[in-house]
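Each of the two complexes below includes chain A, the first together with chain B, the second together with chain C.
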Partner chain A sequence: MNETDIGAYGVPLAMLAGAIRVSTPFLFVSLGECLTEKSGRINLGLEGTLVFGAMSGYAISYLTGSPWLGVLAAGISGCFFGAIHGYICKLPKVNDIAIGIAMMLFGTGLAFFFGKPFIQPQAPHLPSISLGFWSDLPQVQSALSINPLFLVGIVLAVFMWWAFKNTRWGLIIRMTGDSAPAALAMGYSVDWVRFLATTVGGFFAGVGGAFLSLYYPGAWSEGLSSGQGLMAVALVIFARWNPLACFGAALLFGAAGALGPALQSVGITQGYYFFNAAPYLLTLFIMIASVSPKRSLKGAPGELSITK
Partner chain B sequence: MSAFTVSRRTLLKSAAIGSLGLTTGLLTRGSAQAAGDLTIGIIYVGSRDDFGWNQAHAVAAKALAAVPGVKVVEEENVPETIAVAKTMESMIELDGANLIFATSFGYYAPFMVDTAKKYPDVQFRHAAPLWKDGDPKNAGSYFGYLDQAHYIDGVAAGLSTKSNKLGFVAAKPISSVLSNINSFTLGARKVNPNATVQVIFTGDWSLPVREAEATNALIDAGCDVITCHVDSPKTVIQNAEAKGAKTCGHNASQAALAPKGFITGAEYKWETIYKQYADTLAKGGELPNFISGGYDVDFVQNTPYGAGATPEAIAAADAAKADLRAKKAYYVGPLKDNTGKEVIAAGVEHAPYDPWIDNINFLVEGVVGSIT
Partner chain C sequence: MSALAQPNAPRRAVELETVAMTKIFGSLVALEDVSIHVRPGTLHALLGENGAGKSTLVKCIMGFYQPTRGEVKIDGKPAVIATPRDAHAHGIGMVYQHFTLVPSLTAAENLVISRAHPPAVIDWKKEIKGLEAFLDTMPFKVPLTVPVSNLSAGEKQKLEILKQLYLDQRFLILDEPTSVLTPGEADEVLGLLRGMTEAGDLTILMISHKFREVSAYADDVTVLRRGRMIGGGKVGELSVADMSHMMIGDTKIRERAARKTFTDRPVVLEIAGLFAEDDGGIPAVKGVNLKIHGGEIVGIAGVSGNGQSTLIEVLSGQREPTEGQLFIDGADFQPVRQQMAKFKVFGLPEEPLKNAAVPRMTVAENIAFRTFDEPPIASRFGFMSPKPMRKQARDLIASYRVKTPSTEEPIENLSGGNVQRAILARELSGEVEVLIVANPCFGLDFASVSEIRSQIMDQRNRGAAVLLVSEDLDEILELADRVAVMSGGEIHYVRPIAEADRASVGMAMSGH
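And then the complex of A and B:
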């Protein structure tokens, strides 16, 4: 085993591997949230959407035998949750954050209710693409066995970054998010744009959930998400509403999550509670570092209820 | 059945008025059970299909339901709050349960203790060693020494590994987890002195993403056999199997999850205890307040060997099972912990059920890991 024992170098490698494995749900949820927030609304319910997406994706994959149909089903169920949020927030005097919390509880509760029969069965998993064939080290090979959804996520991030800047749709969404009166003056329905942005954002979050149950860790259980959807919402603020930065932030969070187990596996066993808390500490520090009472956040959409 | 329930409830009311009614109530219960009427309520903290702790109880509940004259009522996902007291009351009042199994640690105090005081003619049993003198006489504890089955896992794993590195994904560094890790290590090193066990603590009972990360980290560090002590071992076993590592199970049978690499697994056999209780009540006897045991009384067992177990491993594990049935000690001095401190002096040994084992707060030599 000596030739494959890479000692302390295992830690950065494990963090890279962890970043690739763990980041995908963060990436999808944060891209969905980024889209929604760019249009001027906050959807805190994406945690519930993530959990429900994980459940429905697993269930459909199990019932049809096709994991990709499961991903689609997860996305569609995510759309449904996004649409409910979008519709309710259209009504007068409704607070989007309160609705988001309600949708989060609704989504998780509904997923637990319908998910009961799917805890035991084993559903077909999504395949992975092996990009580590050039290396002899099994650690590198396993680090670079990548799920197609991860690549889709990267493409999506780049596309959104480009589209916000260069397309008419991107402009409309940004305008709705920055100044509702301007959008109204231009003849766009603010409510309709936000409804669509929330619905599509829900689709992304649902797909992120399908990744959890169909690839990694790869089974539907009730403790599956453990708050990842909520952390992804915080991540959007850290990424300053920039889809490319969302990708970087998702990788960072994934790597932070891998730190605890990786350090223990090379023998640094003291203080693992601290290292296990790394992603949460990171969230906290980001919030402290990025918030100032003197100015509103750079890059924040002007219509967001938290910045108004 | 319904006539019996009505009369029992009437007696319950009289029990509330005076102790005379209480005595009559107890007598009536005894005679009713002699007629073969026994309703048992079982309460789970999670899902019955979790491939873990709850499933182990659910499997036993199913076996119990097959016993003639026994009716089993179950409720899943009952939180460790006042909700469990309500569940117990509804099982007693609506289903006429005469015996309640509360299977999660946090159900005991104050919920089960208080309900037991309120319904003195119903028997309550709880799956953790918490009952002590002074607690209600109609309550009690039952528990299995799963560390003995982990010892068998270790023996089989020690002879099934090629890299001599075994991995253990553990939830929290509390005594019952530590004694499972130690037993696994002692078993492995008894048959393979070169074996080491690397431990990763995830910090909580159910964190699927971190459990998967820990499994991957252990395999990347060279471990080729993975086992765990977490609530639902499904994630760990599945991910290890997908990466080609062998696995040992925990709590219930996970053999179906790892057709290629499953060696064996440590399982509770609650069925033995549940059937004993049902049998005692059917004969009109009194239930013990506290029972616990391991291999010798058939309270724990190992999953049938899977494809990952080598023939030598099977032979050695079968021999070790015979030793445990004869209550032979495996905590034998001289033994050091993994910091080099002597924990058992030469010539001293701690046989199964020695209270010393219940208070383990160290990791034995051969474990790579730390409890802080």
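And then the complex of A and C:
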């Protein structure tokens, strides 16, 4: 045994590292979804936005050589998808969930179509910040090598939590999400607020996608997203529409996603695929545990089509 | 009118007048030549049945509708009100019957966001201070930092009124402001508002159908019927009989069936130790025990939201109780379809279009819900034959006078009273042992109300055990043999009707 071998402690450490690494796309998509749902609309299309964001971010990073331009491009393409969703939902008798599913398929399909030429080439990656310099252990150093987007995500979560309470826009979004008649009575355009919230939510999801292709796993391929965009919807419900809780839930999902690789790193390879399914099992479990046929969801915006 | 506008008229209260207000929707004349004059610093009542044009009139004043003819004068000067915003600019605010507060926001958040120009970033310390200073000048208090969904109906109503005053609206239109309040709360709110009008701070136009409140608190009254102004004047100069005659005109009201007296009827329905939770998982019904005899109407009074709807949902099988049992004739009763048919349990839940009908199915189908799986509608192999179904519907439509274009009309196209009659026809056409009724007359006109109450009384006289839940205390005092009061999910007060008086029932409703 050499001194850098930390044995079974490697599993929680690897899970922590994984949580930080894997949670970022969860965090961005769930914050985007949280914003959209707070305004009273569900955007199931964020999975498509995520995949398209991953593709466009990678493509722009490859073409311009700047990964940050890639992130911006991913966000803008996310805005575009959010805006389409928001616009279509403004039309009468349109169901936001059906449009969301259509947008999900449209986004992934479009990403595969435009993304074919970018599967092989190597695009420049996002840099990371080493916060583990104080430790001699390479495991700790690698665990604490953190992508700036993760930190941006934390700041964003805290900002959204604060803004929902302390800004005019926060209150307007919560108002349209909870009682459209009240918002209308005060002269706010419910459709316009929701359109903006969906568009900005799409931006966040696009950025989350860019993280997938530009940092971890770090390449564009068609199997890049494994349903993070959809799991984020469950995550928002689990987090009870609270951006801070979204952060915690994203870490939890990230840790669950890191369970398989973490066990593999200490030599446990049995049931690798089973442990890899942990996030999906967690989603299922959370949905069962957090809902009940007898009562409605606490904290759910009153205008959501799932709570009506 | 110039005689009324005194030179030293109070500064803040607004004077409002409508001149020959007319509103025509297509071929329907909703409002015809209505001229009312609301003196500044008074409480003016607007009386009328459903569909009499009260809402059309106030919506024209508020700028939701543009009148076909006529105009609004404010403080004697013609005013152009094209949108609700214009009305607000003139100091006219409206408190709606349904709340316009946002449930998940606190009272303070609701007040701040209702301002025309809320700050981009809200300094809560400063705002709370300002709001507290504002509340100090107001006659009623509301907790500021609690989400509105946790406030009682009375507090919400007060907050709605406070919101208008906070926005500096000095002409308030109140749409049935006391419908969700206990008699005590209603007296408190109306008394305080009356105080503000007398002090000249406020002018109020109140839509109401409660003569008691109009007589006690209003200065003037205007009565509308079928879109026309029928009469009005100073409240002191009009009797309740005058007002009610103006309101309903010469419509024939069905005579109420006389109350048959029974002695020693057995207990039919027994509710034993019933507990149930509401949608939020919070206990809403807490240990209700009640026995209802055959040939008896037990009326459960109470302000809405005290567990009555949850109780009705349990009794009609819409909700599982957490504890407790139901018995009919001493046998265990589960509210499922087979047992309801076996024990002859029928019901008329509140909002029948939502709770007892499928809105987009036809009248005939809705009427057949209790019988579609039995002959003659169902054949031996489980196929339904539409002919006997339509025949049954035609017969019941005729005998219960349901106004519908045909048996094949979706039931949602019928008016409220006719939906209620169609459901009543379905529920009461057979033999009824137990009848569970909730707010049966909510929002109906006089003729329908009278009809439906007679039907309920008929069932009682035939020996059915009737449980009547109503938010309308007058309805309970009129129909019930025994009065029970539900408050906070519990029933403490049960009295024979002869021993129940309005004051003690009112006390029990507010939980004392």
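Going forward, the second predicted complex is superposed on the first by the 305 of 308 C-alpha atoms of A that agree within 3 Å, B and C clash if a C-alpha of one lies under 4 Å from a C-alpha of the other, contacts with A are read in each partner's own complex, and residues count from 1 in each chain.
Please note the rule applied: a residue touches a chain if its C-beta (ideal position, glycine included) is under 8 Å from a C-beta of that chain, and two chains touch if they have at least 3 such contacts.
Not measured: the values here are computed from a predicted model.
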Contact breadth on chain A, by residue count: chain C or chain B: B
Contacts of A:Ala14 with chain B and chain C, given as first, second, both or neither: first
Touched partner set for A:Ser221, first chain B, second chain C, both or neither: first
Touched partner set for A:Ala258, first chain B, second chain C, both or neither: first
Touched partner set for A:Gln139, first chain B, second chain C, both or neither: first
First (chain B), second (chain C), both or neither touched by A:Gln122: first
Touched partner set for A:Leu171, first chain B, second chain C, both or neither: second
Which of chain B and chain C A:Thr199 touches, first, second, both or neither: neither
Chain B contact footprint on chain A (complex, rising order): 1, 4-5, 10, 13-14, 17-18, 21-22, 112, 116-117, 119-120, 122, 138-139, 142, 212, 216-219, 221-224, 226, 228, 257-258, 260-262, 264-267, 269-273, 276
Complex interface listing, chain C residues touching chain A: 84-85, 96, 98, 100-105, 109, 112-114, 118-122, 124, 277-282, 319-320
For the chain A and chain C complex, residues of the former touching the latter: 165-169, 171-172, 174-175, 178-179, 181-183, 185-187, 292, 294-296, 298-299, 301-302
Complex contacts: residues of chain B adjacent to chain A: 46-47, 49-51, 76-77, 163, 165, 198-203, 206-214, 216-222, 232, 234-235, 238-239, 242-243, 256-257, 368-370, 372
